[in-house]
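Comments concern the structure below.
Order as written gives the chain letters A, B and C; numbering starts at 1 within each chain.
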Amino acid sequence: MIEDDYKVSLDVFEGPLDLLLYLIKKDEVDIYDIPIGRITDQYMEYLQLMKVLDLNIAGDFIVMSATLMLIKSRMLLPVEERRDESEEEDEDPRWDLVRQLVEYKKFKDAADHLEELEMHMENIFGRESEYVELGDAPDVDLRDASIFDLISALNDALGRVQEEDLQEIFAEEYTVSQKVTYIIENLKIAKRLNITDLFAGMHSRMEVVCTFLAVLELIKLNRIAAVQEGHFGQIMVEPRNPELPVEIEFEEPAQVIQELF
Amino acid sequence: MSESTIDVLPELKQIVGAMLFAAKEPLSIKRIRKAMIETGSGFGGPYEQYAKVTESQIEGALELFQEDLLKAKVGLDVALVGGAYRLQNDAVCGPFVRALLEKNQTVRLSKPALETLAIVAYRQPCLRSEIEEVRGVSVDAILRKLMDMQLVRVVRRSELPGRPWLFGTTQRFLQHFGINSIDDLPGSQELKRASTQNEKKVATATFPEMEKELEIQ
Amino acid sequence: MSESTIDVLPELKQIVGAMLFAAKEPLSIKRIRKAMIETGSGFGGPYEQYAKVTESQIEGALELFQEDLLKAKVGLDVALVGGAYRLQNDAVCGPFVRALLEKNQTVRLSKPALETLAIVAYRQPCLRSEIEEVRGVSVDAILRKLMDMQLVRVVRRSELPGRPWLFGTTQRFLQHFGINSIDDLPGSQELKRASTQNEKKVATATFPEMEKELEIQ
């Protein structure tokens, strides 16, 4: 079983709306005509992975899954019956959600604009000789891949792993700390690694998951950054503070492994 | 390299340039005028003319200064940031300046932080619950961090039950992003809304811990 | 105010201007070249040309920069101070800058301090006893103050019995007075003397307290 104090607890500041927009963008579907069944299934799949990985997901994600299920079921009803249930005329059950997503999308665009301004200002120095620095507080880099991008990469890697003989899997021993060392050592040589390459040649799901958790742990410790150039681009792993020694104690996530099978 | 000679009276354009250069922070027209008046009345004689300078004359001098600076292509520029003028390096020279100052890695804001900041910027003064309604996720930790970074501040308490805090952006926010005023942000009319309308609409969320901390300060 | 565009490569003149502006201290040509090379090799691509920049090219760019700056009359000037270049405000605008910075009372050195400093400057490296010989009065306190102000420093111990300290001026001294090098001081050839000749001549004075303090540092 997973130990209570083992938490990757990479603060997931992204919420359910981010996940939905992520899926909408990934599938290139029309935000005003969301294929609710397909998106709901994908949403649940990601949510399941996040739960299994024991990320600090908020209740908001659960609430949204209920909302999605409700919309999905109401979409199945003929229009007349829908009207009976709610007093409103003919309203598409998706409408409230769409409105919320569109509204949020506007602010995401506004945030993109701020991001551009921030990058521009990095090259500007005033007489105070300081670009208004935000202090040393280690923050997640702007180019950082979102947690959904990472999970998507994990999903792909798991998909690539051959269905194996279960006996064989459990015979092998993989640990997160082992993979932490593996990543650090590899980054000393390569400086920059494609996350897909990190999973390359792995034959068991356990190994993939341990590697993935090691990536999350290192991100959380601000030792590495997962950066992505452009939406849905390749995710690269880079070292952040190479001079710091690694001293991480792990409780191995046995439960995670079990749940994935 | 020139000799110390005060036999030629400087033009307004030169003076604003020298002031912007020597100042450690952006200068407002008022502040420039104040220094000119002080010098003018302090020195007297031919300097007295500077004591009569108007704000629009200074504005004109600043425009001329920027024009001539850009024409000369000397790697410098003037920007209006948060209502004040700032002398700064030309953005194209940024990479060289960074190398000189050994600024390799800059702390950049994460996407969620930028989004939260955008909501605060457009909707200010706004409640934490309003931000959470838009983002669909708790913003407690991010808001706290943005306040630590002095990009967001508490504007005042709202009149809603529980008197929750209303948040807004700071002068530092404007400086960090090089913005003169919130109205300069694109789509500000669309994304803004009458605050009264929403203050009523939005459910009151208590924010006890943070409020307690704030009161101590 | 422009968009983030690094699509136009800056001229050397602009780059040296931006660097002098952003630097906190005067810049040597070597230092400017180092930052250019770093940027050039770091960015690669079209930037690589900057990695090949020579010192004389930079010197040329600095001359051009100063020329264009003075032509534009923007209240700024370049000075060569202690072998390094510094961007500074135009001297004629000084009174206005002082008013702005509220530096109405500039710290001026007293006559005795200036005299002591002059002796150190022309005769360096020199012993306290040499200064006292010229001034005919103890300079212990003044010397101490000048060292506090970082205008005077200990160069090394002399070879004389008791190994007393030898004093000299600092980089800050050059900056404070806007001098490029000691040789630029008027009559420096006349006032200087072969230090060997004098080291023997001058009586050794102990300077116990000060020396003790210095050793602690």
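Operating definition for what follows: a residue touches a chain if its C-beta (ideal position, glycine included) is under 8 Å from a C-beta of that chain, and two chains touch if they have at least 3 such contacts.
Being a predicted model, the structure only gives us computed values, none of them experimental.
Simply put, chain B must spin 180° to overlay its Cα atoms on chain C, rounded in steps of 5. Nearest to the global CA centroid, when each chain is reduced to the mean of its CA atoms, is chain B. Rounded to whole angstrom units, the spacing between the C-alpha centres of chain B and chain C is 35. Mean C-alpha positions place chain A and chain C at a centre distance of 55 Å.
Shared interface positions of chain A, defined as residues touching 2 or more other chains, are 117, 119-120, 123, 125, 127, 129. Within chain B, contacts with two or more other chains are made by residues 21-23, 79, 87, 89, 91-95, 97-98, 101, 178. Partner chain B is touched in their complex by these residues of chain A: 11, 13-18, 58, 60, 64, 100, 103-104, 106-108, 110-115, 117-129, 131-142, 144, 146.
By the touch rule above, chain C contacts chain B in their complex via residues 1-2, 4-6, 8-11, 13-19, 21-23, 27, 31-32, 35-36, 38-39, 42-43, 47, 50, 65-66, 68-69, 71-80, 87-101, 104. Against chain A, in their complex, chain B makes its touches with residues 20-26, 79, 86-89, 91-95, 97-98, 101, 103, 106-115, 117-119, 121-122, 134-138, 141-142, 145, 148-149, 151, 172, 175-179, 185-187, 190-191.
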